[in-house]
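Sharing a structure below in structure tokens format, with a few things to ask.
Residue numbering begins at 1 within each chain, and the chains themselves are lettered A, B, C and D in the order written.
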């Protein structure tokens, strides 16, 4: 027989607390570490697989776990996260950093991908979600403000031509940021597009071009 | 309008009006691209404010509110009983003011419950429905649809009141603490937590203003605005569905209906919203 | 104002009242103008409804937002200050079929109505007044449609 | 059966401002479901508003009217206590009638 809704949701992790309430003997909160443990167990018990979104998504890696409270991680932990991120960056084959800015704009506009209503986890099924958080092209007024404005990104960094003497280090920095945003900021709010395979090398090149190509509307 | 935007439109709208929904799903595609300039950004914001204002007079949430009231008073379920003796926290049958004090601890179930999970408990105990089966039912269907309508009516009965969740019970304080941890919990392929979007003041995603939910974000904002009618898909969304879709867009797996994480987040946001005036049921994009 | 419950309870008896008042047959007589609702252009709608060539007029007013946050619901209004309006229409130029609504005006109502239309994309919206003397007057307004959400 | 309408009718000067919300899907017939099948058109075609049983407005709608439709009009010569009745009929010949009292 089906367990009742009311009782079925008394998870094992909460049993102690429930008993606590029954006895009314513990009006005080458990210590923070115990609450951390209970919260982790609660989260684990509350989610289920749906479509491509499986429960393994809530198994945190170091970078996620260390950035999951109001307190930032210690300098030591932050350094480790950033170092590991940089070490894992895969550079573009042939040293070719830039693709087609038009394709980049399309990707930047596309907010799709990786939800349980999306059919595939393939990078080609994903958008870059960029305008959700950033101003990029000045023509697009429907942009978010969670991230900094990227308008004139290349121009502001002195990139006037593809062979600008200043270009190479900026290409490298930007590639790293897109590939794994934790390379420079352990608790960056930006997804790790390359690290998690959200975008492939070709797509990353297109976004690079959108930001850095002097012909891109970003730099006009 | 730019040529690029027109091309995008043509793509999205290949199916004619069907494209409205398809377009909403495709999301990122912005249908608005104008010549430029800061002044236009301002007028766009003004224009959207004007649009929202025009929709307020005649919120289809009223239809769900009316249906919820009828459902509350109608004898239904295996026990052929009404919900008029349902205890939403202020005593059996007391509806007014209940919404702005939920989630709260209930002695009979020995747990903290939000509005929707409490309604399911009442449907189970008073009317004889199978609560687990309702919890498994997709949003917008069958009894799940009725839960949303009931929640809409119960919320409407507290319109204009200020949030004031009880915190006297240790379980309520514990759920607040668990909710806070869930709020900052990062995961999924995008590394998002609730705080990624709702942890800073004055931010927006695309054109949408994002309320800061770690404190009282103001009257009729955030927790004080749901249930709400969603214009984009013509659906009535309870807070459970609001949270569910937040997790979807967070790229998380699927949170169970009435699961502890959803209730703990309700406790966290609800306590933080103390003093905020409820406008629920609201109308949203 | 009557309570909602009173309002809901009465509907069953109302139909009978209407029928006895001869209202239902009246309603049934007016055939829904299918061809007009399938027309692809303003001109074809006029052709189908037997209207003359439309003329833009300051005496017809269209209301609506400059920008709609979502094309699924766009509030629009049509009105005219002129006496003798027989029908007021709302049209969305770039919708697959342009005609959205026909209001058959009587002396008992103001020639002023609000409704909400769907818009597939940014478009001109027309408010049209078909007058008793055969004139067809209109006003237009461009309404931009955006998608404000994050999508995905 | 379709859900009840919400009708508000309030005097403003010598007119009753009538606002109506109707519960209806207003399917265009052009949308596809998750399985890729066209969802058949299903929308309100005719609306009649009456004052004390006498028709004062008839409206014809196409599928471009938004889901859960809204209609606002001003009825002349109405007074407090009068009955406003709204009837709709959709393309499947379903109908719904509701009434409100002018306040």
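Rule of thumb we're sticking to: a contact is a pair of C-beta atoms (placed from the backbone, for glycine too) under 8 Å apart; a residue touches a chain by one contact, two chains touch by 3 or more.
Not measured: the values here are computed from a predicted model.
Centroid distances built from C-alpha atoms place A farthest away from chain C.
Taking the mean of each chain's C-alpha atoms, the chain closest to the overall C-alpha centroid is B. When the C-beta pairs in contact are tallied for A-B and for C-D, the bigger tally goes to A-B.
Work out the mean CA point of chain A and of chain B, and you get 24 Å between them. The distance from the centre of chain C to the centre of chain D, each centre being the mean of the chain's C-alpha atoms, comes to 12 Å.
Rounded to a whole number, the gap between the C-alpha centres of chain A and chain C is 46 angstrom. The distance from the centre of chain B to the centre of chain C, with each centre set as the mean of the Cα atoms, comes to 32 Å. Listed for chain D are residues 4, 6, 28, 30, 63-64, 66-67, 70, 72, each touching two or more other chains.
Each of residues 111-112, 114-115, 127, 129, 132, 142, 144 in chain A touches at least two other chains. In chain B, the residues touching two or more other chains are 16-17, 21, 25-30, 32, 34, 44, 58, 66, 70, 205-207, 234, 249. For chain C in complex with chain B, the residues that touch the partner chain are 4-5, 8, 64-75, 95-96, 116, 118-122, 144-152. Residues of chain D that touch chain C in their complex: 4, 6-8, 10, 15, 26, 28, 30, 45-46, 48-51, 53-67, 69-77, 85, 87, 89, 95-101, 103.
Put simply, chain B touches chain D in their complex at residues 15-18, 21, 57-60, 62-63, 66-67, 70, 234. Here chain D touches chain B in the complex through residues 3-6, 19, 21-23, 25, 28, 30-32, 63-64, 66-68, 70, 72, going by the rule given at the top. Residues 2, 4, 8, 25-30, 32-36, 40-41, 44, 105, 109-111, 117, 120-121, 124-125, 130-135, 169-171, 173-174, 177-178, 181-182, 184-193, 196-197, 200, 202-207, 210, 247-249, 251-256, 258-262, 264 of chain B touch chain A in their complex.
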